[in-house]
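For clarity, chains are labelled A, B, C and D in written order, and residue numbers in each chain start from 1.
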Amino acid sequence: MNMHPPSLPAVGVVGATGYTGLEVLRLLRRHAGVQVRFATSEGSAGEASALPGLSLVSSATVSLEGIELVFLCLPHGKALEWAERAHAADVRVVDLTADHRPGSGRQEGWVYGMVDLAPERIAGARRVANPGCYPTGVQVAIHPLRTRGMISDGAPVVINAASGVTGAGRTPKRELLFAEVASDYRAYALGNAHRHLLEMREGLPGLPLVFQPHLLPLARGILETMYLPMRDAVDAASVRAVWREVFEDSATVSVTDGSPTLAEVARTDRLVLGAADNAGIPGLVTVIASFDNLGKGAAGQAVQNMNLMLGLDPVLGLRC
Amino acid sequence: MNMHPPSLPAVGVVGATGYTGLEVLRLLRRHAGVQVRFATSEGSAGEASALPGLSLVSSATVSLEGIELVFLCLPHGKALEWAERAHAADVRVVDLTADHRPGSGRQEGWVYGMVDLAPERIAGARRVANPGCYPTGVQVAIHPLRTRGMISDGAPVVINAASGVTGAGRTPKRELLFAEVASDYRAYALGNAHRHLLEMREGLPGLPLVFQPHLLPLARGILETMYLPMRDAVDAASVRAVWREVFEDSATVSVTDGSPTLAEVARTDRLVLGAADNAGIPGLVTVIASFDNLGKGAAGQAVQNMNLMLGLDPVLGLRC
Amino acid sequence: MNMHPPSLPAVGVVGATGYTGLEVLRLLRRHAGVQVRFATSEGSAGEASALPGLSLVSSATVSLEGIELVFLCLPHGKALEWAERAHAADVRVVDLTADHRPGSGRQEGWVYGMVDLAPERIAGARRVANPGCYPTGVQVAIHPLRTRGMISDGAPVVINAASGVTGAGRTPKRELLFAEVASDYRAYALGNAHRHLLEMREGLPGLPLVFQPHLLPLARGILETMYLPMRDAVDAASVRAVWREVFEDSATVSVTDGSPTLAEVARTDRLVLGAADNAGIPGLVTVIASFDNLGKGAAGQAVQNMNLMLGLDPVLGLRC
Amino acid sequence: MNMHPPSLPAVGVVGATGYTGLEVLRLLRRHAGVQVRFATSEGSAGEASALPGLSLVSSATVSLEGIELVFLCLPHGKALEWAERAHAADVRVVDLTADHRPGSGRQEGWVYGMVDLAPERIAGARRVANPGCYPTGVQVAIHPLRTRGMISDGAPVVINAASGVTGAGRTPKRELLFAEVASDYRAYALGNAHRHLLEMREGLPGLPLVFQPHLLPLARGILETMYLPMRDAVDAASVRAVWREVFEDSATVSVTDGSPTLAEVARTDRLVLGAADNAGIPGLVTVIASFDNLGKGAAGQAVQNMNLMLGLDPVLGLRC
């Protein structure tokens, strides 16, 4: 109910009516380590926010006095001004837009907040670029294998991804109407043209990635099916063994011997990994990552970044 | 494929990119008795229409020379100008908007196109106001009972209706986005406030109607559950008997002894009626009508009206 | 993670693979006041339960030594034996089946667990019959109005209800398959024939109820739209005023001036009430209750009953 | 309405209550070239079939006297007996099961009914094995490219497929219940283990196929995204050019410059092909096929086979 004692660190949410902003508020509502001081919306200022008792305000009226951290949940390309403002006021930032991610050309001074791969760099950071949804699953799955030299050089890595529609935002568009989406499924950004590719390529340098996203008739969830050409005798069992070692202490990443599903991760901040050999096709291992695009793929990882930045329990407030 | 010989009557569709316009084109595509000469869209002129081989054009470029009938599939309130234009050119009109329906104050010179209740008046008509979706089910179910004096005077008639979202149109709005609708169900127009009430009241004068619509997480379909206070010994069996007599020759209205479903009418131009007594509550009969809001509730009835106006087989081209 | 100290009260879940059993486990997993000692399944003994670290066991192998309370999440008609067994071992019971509810003929010795209406009777109880889903919304909405004499005598009270499919259980049946439900909506138990009517009638004696349920293409949620004939000058505002007084201290029941939705209660243990007058129909107030059939309508209320029986904070572990 | 003159060829449907049997009846209902003489069901004999006026009968009571052709819509492995019976009675057969497809080991005497690739062999056939749903899209897309030597040797061809749940049949199973499927998406048959692989491999000999199917939260539709390693300068444009030449006269296969969708093929007997180059990955072309698993993927192709076998217009009765 947000009745935290005033001594808890104060945070703010900038852009609190889009799907990621709403999800950040949903997590912070039950978070025992911070208090939410403000939530902004230019179009709905004065209305109730998703947090009981807190009204939406316009950015212009916000004071950063006493604020420890702000979440930027704005449309891509719109975070620059607020990032500057927070920086000038010496306030920590978790930027959920693409504006300071790898590939943006604006990473200087920012730490990439891929919490499961480099938590130690985030602990002391004051400005964190929260990873994109698709790149989160791809890098969590592939990065540990890549750094161990398990993946073949040269052959393309095919990533066939599918996402629920909240990934496309909450701005009304005809193609996102219920009656358009409800009985459909289709590929989009054909031709290796998705803007998340840049982010993935910087995170996995040298790997020839083919990334093909599809739109699911679901509100939430991402499932990425990746086809990895492996070195020598690397098989699914050795892939799982590496993951289990790397993510042994992670409360949000788990490994299954079966097939990861969207049902098991919906409305959580978890990510589930699976792997399988392919009968008759030696050397090709299929790898699957499932997670909620608004949870682990956005707000969950953002709150995890906040926890690390503020020195709190890393999974405080998360749905593990 | 619309390769009809030029001797077939020519028709046009005004407003061919909304859900009703698309559905009219879908029906006309397979209609053996007319040819579609034009389909308009102000916003998408030049693009392909839903009819293979026919491009969308703007209204201003349309010629009515040789056109026998136009369908007006515009937003409510926008049909007046086109109705005038067609009238001036002596072209028949089926108006799918609410602009000339009972309750609009503009009925003069127009015939109300409730095909199952008064087909003989439509046969000679040149201007037909196509009924609203909700009023179609309500009147088809209740009108025959009302005119036979089977319904009690005085007690309210409760109509609990549920509709798929295409009934709300194709203009992008936040509340119609997939992620907003997909896990929801709610009442709207609370307080007997739906604009279709006027139309129903004129069709069923003197009946105290309570009409409460709800929004279903479905693209298509309307199911109306009506609670009728009956005179004396009128029960569900006598209700069904009256319907079966009235709709004996109808290819689009049928009566079931069971529970009408949306599944059986989806993507058809049919309407199914059912009735049940209520144990322990003598005198109250529950009546249910199911149909597709875009089929029988809009385009299906519109094409049926066209068939009658042009002297064709009444159900030509319909999905019965 | 169920790593509670052994001093917490121990509970068991009988029937842990159906939808209500799964939901009880989901709530207990995060409950800080009890520890789950066992979860039974006759068909899946030995497999993992929904609670990490706890395997399913068959009833025959369960010991009740040291158990404070058991939840019976069995099919209706199957709870009698376990109720006897728990009684003999002096273990508290929350029975989620219909077997000991009003109307069952087996209420003797059992308290009806409608937590929002008579919490004081539950506090000391050892055997509680958890209310049915549909009766919960109907009674929470109507009981306070009825006891204040606000509802007219004689005229039928129409309750038009709609539920997601988990209410029908998890046993495979053709009519519950995805492809059968996904584009459908229909009334069932036509003719005032639903077995929950008995329970409602005992809770609201003397009111002539007409209860018509419908099946929604949703997994979860119940929305009940009730049409209440009111005495004299009773209107929607006075209805809301009474509710606000009665449920002032409730953390699970809230009142809205708008239209209650399924979206706002999905996966919570809350219940939202709304009311509206009907233009042109004086004396008829429309009342709406929305809640999650598995939350407030089953497991949420069951855990709330447990909290009261064990002297814990009434809403501990609930999703308010 | 099935009131065809007795001179039309008579056909029968064996297994008329599963999803494919229902769809065959749906198509035959509007087919102007044949009459349906019987529809069988062992479990529902005596009840109404999906064809108005025709009751279901048990196989034992069926006479094949005067029957020209039977459709076998049985579970896989159950068609052998009926195939023998029809053969003995000199009745043509379209077998929609996998029992006589490539890879079954029982192809002798049967023609593989891939209508778009070898229609001339089907014209004179008396026993046709109707292709599987997944193999239809894969072979229609790849076979013309393969036979023209456009695909590289050696490198794996990854086929990432997604299907609606009707592909899994109508027998009640827990994992097919609405509440299990509605918010899920997952891969199944992990490890190149789907039984359709044998059929694809015989149709595309020598190609190293990796086939990974996924289950969509939809009733109908298959979308296959294929990643093809190409020879030399073969690009998406040349792929589309070949398809357009091969399928120039086809009324059911079309080629788009955009992204094929499930929405455009749902409830039709069409198949849409698309292709795209991948930026930065020369030599890898992404190919997509979309179609309705019950339409082109089963009943649509079966009726097309029937049309060819009986010398009728190949697309008579199809939804093109």
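To be clear about the criterion, a contact is a pair of C-beta atoms (placed from the backbone, for glycine too) under 8 Å apart; a residue touches a chain by one contact, two chains touch by 3 or more.
Keep in mind that what you see is a predicted model, and the values were worked out from it rather than measured.
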| item | value |
| --- | --- |
| Proportion of interface numbers common to subunit A and subunit D (over half same, under half different) | same |
| Chain located farthest away, centre of subunit D as origin (C-alpha) | C |
| Rounded Å distance between subunit A and subunit D, as computed from the means of their C-alpha atoms | 39 |
| Geometric centre distance via CA averages, subunit C-subunit A, whole Å | 36 |
| Residue list for subunit B, restricted to those that touch at least two other chains | 180, 183, 217-218, 220 |
| Residues of subunit A defined as touching subunit D within the complex | 155-156, 158, 160, 162, 180, 183-188, 190-193, 208-210, 212, 214, 216-218, 220-221, 223, 225, 227, 258-263, 266, 274, 276-281, 284, 286, 288, 290 |
| Residues on subunit B engaged by subunit A in the complex (per definition of touch) | 19, 164-166, 170, 172-174, 176-183, 217-220 |
